[in-house]
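The following pair of complexes shares a single chain, chain A, combined with chain B in the former and chain C in the latter.
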Partner chain A sequence: MFDFNEDEVERYSRHILLQEVGVEGQAKLRESSVLVVGAGGLGSPVAYYLVAAGVGKIGIVDFDEVDLSNLQRQILHSTDDVGRAKTDSAKETLEALNPNVEIITYNQRLGTDNVEDLVSQYDIVIDGVDNFAARYLVNDACVFTNTPLVEGGILRFEGQVTLIDPEEGPCYRCVFPEPPKPGSIPSCQEAGVLGAIAGTIGTLQATEAIKYLLGIGESLIGRLVIYDALQLSFREVKIEQNSDCSLCGAKPEITELEEYTIHCSLQEND
Partner chain B sequence: MELVVNGEKHETETSNLLELLEEFDVNPDLVSLKVNEQVVNKDRIEVTELSDGDEVEMLFFMGGGN
Partner chain C sequence: MKVKLLATLRNITDCNELELEVENIQEVVEKLIELYGEEMKTELLESDQLDETITILVNGRNMLYLNGLKTKLKRNDIVTIFPQVAGG
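What follows is the complex of A and B.
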């Protein structure tokens, strides 16, 4: 019925053993698609685990090239990849891991002209972007197209993650109404980040996407989880749909996508 | 009075949100602020008064995916 061949059954056997997944869940994953925005610190573990898990189709968006300073945390890329397009390097690594997964790469910058079309082609989107212009753009596009979004961020020794389902809970703007002032927020490039934290948060994002696709467990909708690595503590903040939200509130002011190019000057090339 | 700030009890003299941020040495540009269930608009920080028992969350902007 689920027509997995012998190799696939063996490859996914530890999933299939799980009551909550089973052959049926594994088949669901194979039918699913996830768009990973950014093939960097967060996108690396996210894509790695989703491809290993056998999600049928993974899209990866990035326009950047691999830099030596990326390799401390961006585990999709290797020393020999420095200078290559991140999408090419990512595709090669991921195809070597699991040839059963379709990897579609978009070596392009996200903008108002392409983002809605892209996100709406996937079951769920995972945010691993390095600048707030793209972060708000992805949030807005997901709200407009009703596409769920696993949101994640990291800085220094901390990270945060939440699941945005526009049909059910708050969006990013409900909690962070406006993009920060240009230059006010330090990027990882300026402030630093412990590389392994990208792994912690990215792995949480991948797990939440898989839970969402399988429909198992407690959803992360309406919960912002904050990870403090130095204390080794996780804290949960309840977040709610904000009736004043300029995007998904009672009287939305934002009715079409806006470009926030002014805000990315400082955070680019992170 | 006693507040709960970022999940922990905090004894303070001030009842003003901006002053509380100064007490924590937090730049208002770096955070989104929640008092109890309500997200506080940027232009309201200075005029937001706190009461005993209020729960304040300072939620930091975090980017840094790449």
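What follows is the complex of A and C.
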């Protein structure tokens, strides 16, 4: 009925054993598509686990090249990949992991001209960017196209993750209304990040995407989880859809995509 | 009202939440600085203004959608304070 071949049944057997997944759920994953924005610290574990899980189509957007300083956390890439396009390096690694998954790469910078078209081609989007320009752009595009978004951010020893479903919960701007002034929030490049934090938060993002695609468990809609590695705590903040939100509120002020300027030449998907 | 401090702020206070009796958000910020000194001031303020990295929610709503620092607080309100992180 679900026409998995023998190798696929073996590959996904630990999923199929799960009552909440089973053959039917595994088939759902195969029919699903996820866009991973950024093949960096967060995008690496996200893409790894989604490809391993057998999600049928994975899109990866990144315009950057692999740098030696990326390798402390961006586990899709290896030492030999330094200088290569991250999308090429990512595709090679992921295809080696699971050739059954279609990997579509977009070696381009997201902008107002392409983001809505891109996100609307996928069932769910995962944010792994490292600057506010892209973060607000992805959120706004997902709200405009009604595309769910797993939002995640990391810095130093901390991470945050939530699920945004424009049809039923708060968007990023409900919690963080406007991008901070340029330079007021440090990037990983400026402030540092423990590499494994990207793994923790990225893995949570991948898990939430899989839960969403399968329709199982309690979703992160309306809940922002804050991870503090030094304390080893996960704390949850309830967040509400805001009727005054400038994007998804009753009288939105933002009715078209805005392009924010990146404040310096930082790498986008750090 | 209950004030919950997360991430780097929690590491300064060494406790997850405290009870304060104040009138508005501005007073919450002042009280935290009074209680925890220079380290808290450095986290919360930038050039004597609330640092843009700091997000303050009142019952799950960003204070910027309410009345900002002048947002009045009631006894049962929950104020949550944490820095926005956006690295990836």
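Going forward, the second predicted complex is superposed on the first by the 261 of 270 C-alpha atoms of A that agree within 3 Å, B and C clash if a C-alpha of one lies under 4 Å from a C-alpha of the other, contacts with A are read in each partner's own complex, and residues count from 1 in each chain.
Here, a residue touches a chain if its C-beta (ideal position, glycine included) is under 8 Å from a C-beta of that chain, and two chains touch if they have at least 3 such contacts.
Note that the coordinates shown come from a computational prediction; the quantities given were computed from them, not determined experimentally.
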item: Which of chain B and chain C A:14 touches, first, second, both or neither; value: neither
item: A:251 touches, of chain B and chain C: first, second, both or neither?; value: neither
item: Touching partner for A:64 - first (chain B), second (chain C), both, neither; value: first
item: Contacts of A:230 with chain B and chain C, given as first, second, both or neither; value: second
item: Footprint overlap on chain A, comparing chain B with chain C; value: 38, 40-43, 127-132, 135, 152-155, 158-160, 174-178, 180-181, 184-185, 187-188, 193, 198, 226, 235, 237-240, 242, 244, 270
item: Complex contacts: residues of chain A adjacent to chain B; value: 37-38, 40-43, 62, 64, 70, 74, 127-132, 135, 152-155, 158-160, 174-178, 180-181, 184-185, 187-188, 193, 198, 224, 226, 235, 237-240, 242, 244, 267, 270
item: Contact set on chain A toward chain C in their complex; value: 38, 40-43, 127-132, 135, 152-156, 158-160, 174-178, 180-181, 184-185, 187-188, 191, 193, 198, 226, 228, 230-231, 233, 235, 237-240, 242, 244-245, 269-270
item: Interfacial residue positions of chain B with respect to chain A in the complex; value: 6-7, 27, 29-30, 32, 34, 37, 39, 41-42, 57, 59-66
item: In the complex with chain A, residue positions of chain C that touch it; value: 4, 6-8, 10-11, 16, 46, 51-53, 55, 57, 59-62, 64-65, 80, 82-88
